[in-house]
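Two complexes are shown next, each including subunit A; its partner changes from subunit B in the first to subunit C in the second.
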Partner chain A sequence: MKRITEKRLILMVSVITMLLLPGVLVAAIPGITGPDFSLTAKTGTVVVDDGSNIFMWGFANGTGSMQYPAPTLIVTEGQLVTVSLTNQLPVNVSIVFPGQTGVTATGGVPGLLTNDAAPGGTVTYTFTAGQPGTYTYYSGTQPELQVEMGLVGALIIRPLQGPKYAYNDAATVFDREYLFVLSEMDPPIHVKVQQGKFDEIDNSEAYPVAWFMNGRAGMDTVAANNDPIFPHQPYAALALMQPGERVLVRMVGAGRDLHPFHLHGNHHRVIAKDGRLLKSGLTTDLSEGAFTTSVGPGQTFDAIWSWTGANMGWDFYGHKGPNGEIGQACVDAGVALQPGESLADHCKPIPVAPPDNKDMFFGPLYTGSPYLGGAGPLPPGEGGFNPYGAYPFMWHSHAEKELTSYNVFPGGMLTWALVVPPGLLQPEP
Partner chain B sequence: MNHIIRYHLKLALILLIAMVITAGTASAITYNLSTGTVDKTMPDGTVVTMWGFGFTGGPITVPGPELVVPPGDTTLEINLTNNLSDSVSIIIPGQTATMTPVWINPTTGAVTSTGSRIPGDTTSRVRSLTVETAGLGGTHTYMWTNVQPGTYLYKSGTHMQVQVPMGLYGAMKKNSIAGSAYPGRPYDVDQVLLFSDIDPVIVGAVIAGKYGSACANPPCTMTSTNSYKARYFLINGEPFSYSRSAIPIGTAGQTTLLRFINAGSHEFLPVIQGLYMDVIAEDGKPYPFSKSQYSLLLAGGKSIDALITPAASGYIPLYDRSLHLTNAAGSPGGLRVYLNVPNAPQSLTVSRAGTGTGIVRATGLPGGIDCGTDCTESYNLGTVVGLTAYPDPGSIFSGWTGVDAGTETLPSATVTIGAAPVAVTATFALPAIPPSGTSLTLKRPNSGKVKKSKPYKIKWKFIAPPGPTIKIELFQNDLFVATVTDAAPAGTPNKKGKGKGLFLWTVDPTILDGTGYQIRITSTTDPTFVDLSNKTFKIVP
Partner chain C sequence: MTKKLSISFVLLLLLIMGTGSEAALRVQCPGDTNQDAQWTGAEVQPANTTCMHIVGSDGFAAMADGYPQYIFSFSNMTGVPIDQVSDTAELNAQSPAPQIKVREGQDFYLTLSTVPMAMRPDLFDAHSVHWHGFPNATPYFDGEPMATVGIFPGASFSFYYKVPDSGTYAYHCHVEATEHMQMGMLGSLSVAPAQDGQSIGGFTQFAYNDGDGTTGYDVEYPILITGFDPDFHDANLNVQPLPFAAMDDRYMMLNGRGYPDTINTNPAGLTPPTRPDGTTGKVSQTVNALITATSGQRVLLRIANLSSVHFSTITIPGITMRVVGKDAKILRGQDGTPLYYNTNTLTLGGGQTAEVLIGPVATGTYFLHTTKHPELSNRNEDFGGLMTEIVIQ
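Right after this comes the complex of A and B.
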């Protein structure tokens, strides 16, 4: 693992500490539920992890601040959804809903994909939320500029089967869900927009140098939801889960480029694309196991990811009997199985003798123990960045250049999935 | 049977066999293609001369003609005549053929071998994947046996990094049986959507003989395609512009097969709006199970087949979500089309009238009108066409006739298509110049001179609020010269509505020194607020 500067990790440990305090709920995907929504297109700024700002156009919830990405709209299939768009930008704006059928627009002026709201004007979109799944929405007016400027977000349609299902299919049940909206930006275009120099913008030459997950770049992805440092970027991209849990990973391509989304720690199973289950008829399963999913712009994917100790060959909890027994003696002593363990590896110690500390070079997340939730002696000044002994797995764009912000690593499209010891996270409502 | 009838039968049989022999095998189709140059005009007026295929004796097009291999035919022959100066060839990825690569000496360009490199030769490079057709009238017949059904791209197999972007590509298709591209997947109507792109700089260098490390017309300005930068993006040979017509497909309830092919240098990501595609095949190979998607990852060289069955008539937007939606820097453009599910179309014709000038565009989907150059289009029954009038600098828009009630005075109006043709008129006017002393008065310049060497304060006053901004235009001898500014802040009215404003004018150095100049100021929201310099002034250095 590449060396990470300490000041970036302070963010991380503060997040982990805060989120893991007993009684703190781990949020389901934050968003607004409507089904009547009022969005305003307005200007704002976002913060890149080097501390700089980028001027944005984005959607706000009602009279609130512009946010990037746009508010995640969460509805249930069959609901009649209305989205009223008020335009406070100096140009026409609109919203299109790929994957939805029968979207009607009232008010506004006819545009090339739907009705636009003129500056100062409004338009209302109405549709019946179609099949459940993960979808995207964005401006249909000059999208090559307006999607770049930030007018893009996610739409989630929950199935009637229940909020812990991705689709009306028992196989899509999950314990926890996370949304990843992937995008990139060419900041000089934003500067020209801010200066009103639209004639000097050549969108065919867009060249991104900043990449984002849920609107945050680099280590900022792990700061909490609604962290006040990011008044226009309310969504975190940190994924927390416990061993054995089924995690639904919703992926949305929100920029203009394709991003190879690479999830360390285990394969994931892609169960749906563009809001449609990868299944034929009732029984033919077309889902795919992968460790990288190429998320193209405008596309969506749903995947199930899980971490267990299967096939590790050792007990990742480091179970021992009451008198320190390991192996069969520990099993015979009746030490209980914990979530995510495989019976075959229960009580088996790690089959290597850890080297002496003086022979090791430490990553900042090493606890001194190889076991989940464990801790061990570390030289002074090392460790402390993984207080609950989680197993961290980087989830990131595998186009390595996209792990930078303005050419500086770490940055860009990266975040972590933390497998934390069981009992630390509340179940998702 | 008597011997005369037997003789006639024998003759008939001989004639029949002769006909079959001269026609070739019964299961072959033959096309005669030629290469040549063609000028393609982009919507922004740029003319790009490209290379392309055409049926021999017919026009050269980019993409080249669609080659159809009937379901019963297993052999495709192309008799190629190459009128370009460079050698070319034809390959069809996905269809099997005997390929005989052509190797060249990279320094001299001379052919060193065909088939394999000579043993011991480690420097020759492949110029062509198969047999070449020599330039300047050379001919060759290319043949594919056991042609498989599906959607394919034919293209030059010679110096491909140059010749394919130059325009040497086209679509080839074959059905497994009539009405079905693949077994069990019938359709009513099919439509090829061939995506491609153009780098006018590299294409221009090739045409001018300035491409390559040893070019025909030195100095060689472009030695490789490393700097390939597409500026124009095309579907079926045309980028989007307001005048582009929608592409007709099947009617409501019919199944249309969309045959996507990408001859371009980028992957593109077409998305369809309002319905899902049933994606059934890739690279000419049917999937065992189809997939329901609204997006396609269309990599370079790829073909993807998808069925749609629109439930209602209307226009279905299809556009590139990787946002190649411009013509160079101009918008809208690029990879955008509308699929027309037709229903009782009527024509909409736009005329322009009045003393002023301007243009009218269909700015609502599906476009189709850009008047001046394209003033008429057919639209389906019930379509609400959005039209916008754009007055030229110096003119104002004064109203419509023939548009939907309530939109007659708005610069953006709607026309709802009914059961009869519609005629619409947009009127542009030159505003009358009122005498001084009315609501808005230009205080300077009214005479004298304006120096280019330092900014000049244009000043005005008003006795009633003229709105938020003032447009300032420069005339010379009553002819429009330039817009000084589209929107200068007009100035804040006091309690009585009176006020004044100024604009700091830095004269553009390209404006010629001389006499006879006047400034005209006009409110951007109320054209009755207008004034003109009382007398002419000079512009001096």
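Right after this comes the complex of A and C.
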């Protein structure tokens, strides 16, 4: 409470502006669509939520700005993918594509894992996008330093079965999808790189003190995609959905540590790991329900998350009859059911009374009402950053230490999922 | 902005105190007229209803090497007359927080009250209860304060839960989560399945509604993995800046104790810690982690990790663990494919839970411990930390 800054509150408002614009289609996973990509390795700076800057090496799309994480590359199963890399950094750089087979490198200079692009040089990688799924890609040249510096991103291979499938399997159909690239940094390493003091860097002693989701520290995560105040961190990490929708959550471990990613609001079902469906043969289902998934460095997980609000014992829409009836009288008045709610709970009021306003701390996303789409009286200056009455659920690292940036809570690896009242969100394109 | 808010909080608190802080504590529990969260005398307990009253405060706990740690946590005030709650709960934080055990389908009314931090009168921190893993939650009862409300000292908030699917969950305060969880506001929470009481496969108690008795057990034990960073706790007590970035759990514990305190069965709890002023603190560690059973029995271990920093891997040399559930979900594919597995190690990160079945086991004493060996210490005292014993008679 005492540590929430006005800046962050303003960022939360930008969340809401996404909802305020009718007809604006929310591209759930921003990225660049292949199969031919041109990336440039160059320097830049990212902003941490406390306002400090960190010097970075990263990939840019063509001649654009370096960005963190690297551009999300989106291709379709079976495509011949080419990635040409131009290197504007003072050291050799390369790209490896874990999970892909038959990757060939053309040009460049020989490196340890693949061909490098020398400073000022280029190299081109080619492979056939074999199996659909969520993957990562990163520098294969001194990755212990270059991944820390920011040369890492996600690769999504879409299945042939259709645009709303994660895999070629009916159980992987989704309404919306979101990507969460999890990482951390040890800022003094970046200072030494900026100063050219490479001899002083000991990667074995790295000690992260800042944590990121899609390259942003909480609550910067909820600012819009391509928000100009984050010129090198274009990707939001905010998940929007309506009750009952199936949300595909793509998780990528893009740093050096293992992170327990906890999703408030409901269980998720992990359907794939490292771009492989959790199935044995055609039928045997190996997926697991979970409320926290440990994402290790270089790993990816795909999960389906949904929220219906069913069976909670009260009507989360707060339905009342035309004359304020509750309970059976409200049902008898013909008040219609809305998506997600249980018939048994229809018209049932919340069974406990709230405390007096003077006894409560009000969160900035609280609407003054416990109901979805609701709004209630709030003390002056409290709450109010959630005007459509969405249900916010924090999605975050449950290694609670990682909810900080440079010793300041809240920050780090946290973001929000917003369950928006029905009818307010456009379908995902 | 922050200063103005702080001043208004002070004024609010003075206002609350001026009008009598007891007046603001309120337990909501159907059929309970005297607000002690239970049914006595003429009070009638509604069918399928259960209530509990917990209070957030500060206090002290003794580490296994004797070092006193300043903590924040909850204490169980169920059954305590409402006009005695503030005095009883003062400096009474428990390590871990009181265990919550409920049954699938119950109407569960959980009242959280908050009393001022006796050692940190400068703090006006609100508290909350986050039922970790609650399926289909609403923010109002989820306890994550940015999405909803928190409750200030001197007042109460009642949570209502239609108790969901069975399994092992956990709960903790979500206000300033890194600080309040590191300080100790966390506890075990489990839900018994509706199937309990039926006789299936030779058992009458089960981890899940399995339909075939494969998650049946004879005795169950909560095993809560937590850790304290003494530098963080001391900084909090001494009103110093909190070392978030340097946080590291150097006292790893099971059920709020390090070995060998984990096997201390004194029913009165551990010897209370000595407070900085030399007075003796309240008993705060009443739960041991000793696991006892007979050789023919099947034991359910409900394991949860709520450490703020560590992933931990546990093992039981001489006993194979059978994992039947994780994160309050039975290990089965969507098509019902059984995914139970036998293992000698189980790794859990913060916020993960698992159900492990052991037995039948031959008589003897076994050790359940971390395989991350530096965690087998109470700070710089060896042969301690994240370990307990399993005694099979």
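Throughout what follows, the second predicted complex is superposed on the first by the 413 of 429 C-alpha atoms of A that agree within 3 Å, B and C clash if a C-alpha of one lies under 4 Å from a C-alpha of the other, contacts with A are read in each partner's own complex, and residues count from 1 in each chain.
Note that in this section a residue touches a chain if its C-beta (ideal position, glycine included) is under 8 Å from a C-beta of that chain, and two chains touch if they have at least 3 such contacts.
Nothing here was measured: the structure is a model prediction, and the numbers come from that model.
Peer 1: By the touch definition at the top of the document, which applies to A:258: first (subunit B), second (subunit C), both, or neither?
Peer 2: The answer is both, since A:258 touches subunit B and subunit C.
Peer 1: So, does A:294 touch the first partner subunit B, the second partner subunit C, both, or neither?
Peer 2: both
Peer 1: Quick check for you: in the superposed arrangement, does A:179 touch first (subunit B), second (subunit C), both or neither?
Peer 2: neither
Peer 1: Which of the two partners, first being subunit B and second being subunit C, lies in contact with A:166: first, second, both, or neither?
Peer 2: A:166 sits against neither subunit B nor subunit C.
Peer 1: Which partner does A:217 reach: the first (subunit B), the second (subunit C), both, or neither?
Peer 2: Neither partner.
Peer 1: Is A:249 contacted by the first partner subunit B, the second partner subunit C, both or neither?
Peer 2: Neither subunit B nor subunit C is touched by A:249.
Peer 1: Does subunit A have more residues touched by subunit B or by subunit C?
Peer 2: C
Peer 1: Regarding the shared-chain residue A:285, is it in contact with subunit B (first), subunit C (second), both, or neither?
Peer 2: second
Peer 1: Considering only touches as defined above, state whether A:352 meets subunit B (first), subunit C (second), both or neither.
Peer 2: It touches subunit C, and subunit B stays clear.
Peer 1: Does the superposition put A:73 against subunit B (first), subunit C (second), both, or neither?
Peer 2: Neither partner.
Peer 1: Do subunit B and subunit C touch any of the same residues on subunit A, and if so, which?
Peer 2: In subunit A, residues 258, 278, 284, 286, 294 are touched by subunit B and also by subunit C.
Peer 1: For the complex, which residues does subunit C have touching subunit A?
Peer 2: 1-2, 5-6, 12, 15-16, 24, 26, 28, 107, 109, 125-126, 132-133, 135-142, 144-152, 154-162, 164, 175-179, 181-182, 241-245, 247, 307-311, 326-329, 331, 333-335, 337, 339, 347, 349-352
Peer 1: Give the list of subunit B residues in touch with subunit A in this complex.
Peer 2: Counting only subunit B, the residues touching subunit A are 230-231, 267, 269, 271, 273-276, 289-295, 297, 317, 319, 321-326, 328-329, 331-332, 334, 336, 363-365, 367, 384-386, 412, 414.
Peer 1: If we count contacts the way the header does, which residues on subunit A are in touch with subunit C in the complex?
Peer 2: Residue list for subunit A touching subunit C: 1-4, 6, 171, 209, 258-260, 262, 264-267, 269, 278, 283-292, 294, 307-314, 316, 350-356, 358-366, 370, 372, 391-394, 397-401, 403-404, 406-410, 416.
Peer 1: Contact residues on subunit A for subunit B in the complex?
Peer 2: Interface residues on subunit A, with respect to subunit B: 96, 98-103, 109-114, 142-145, 147-148, 201-206, 253, 256-258, 273-276, 278, 280, 284, 286, 294, 296-299.
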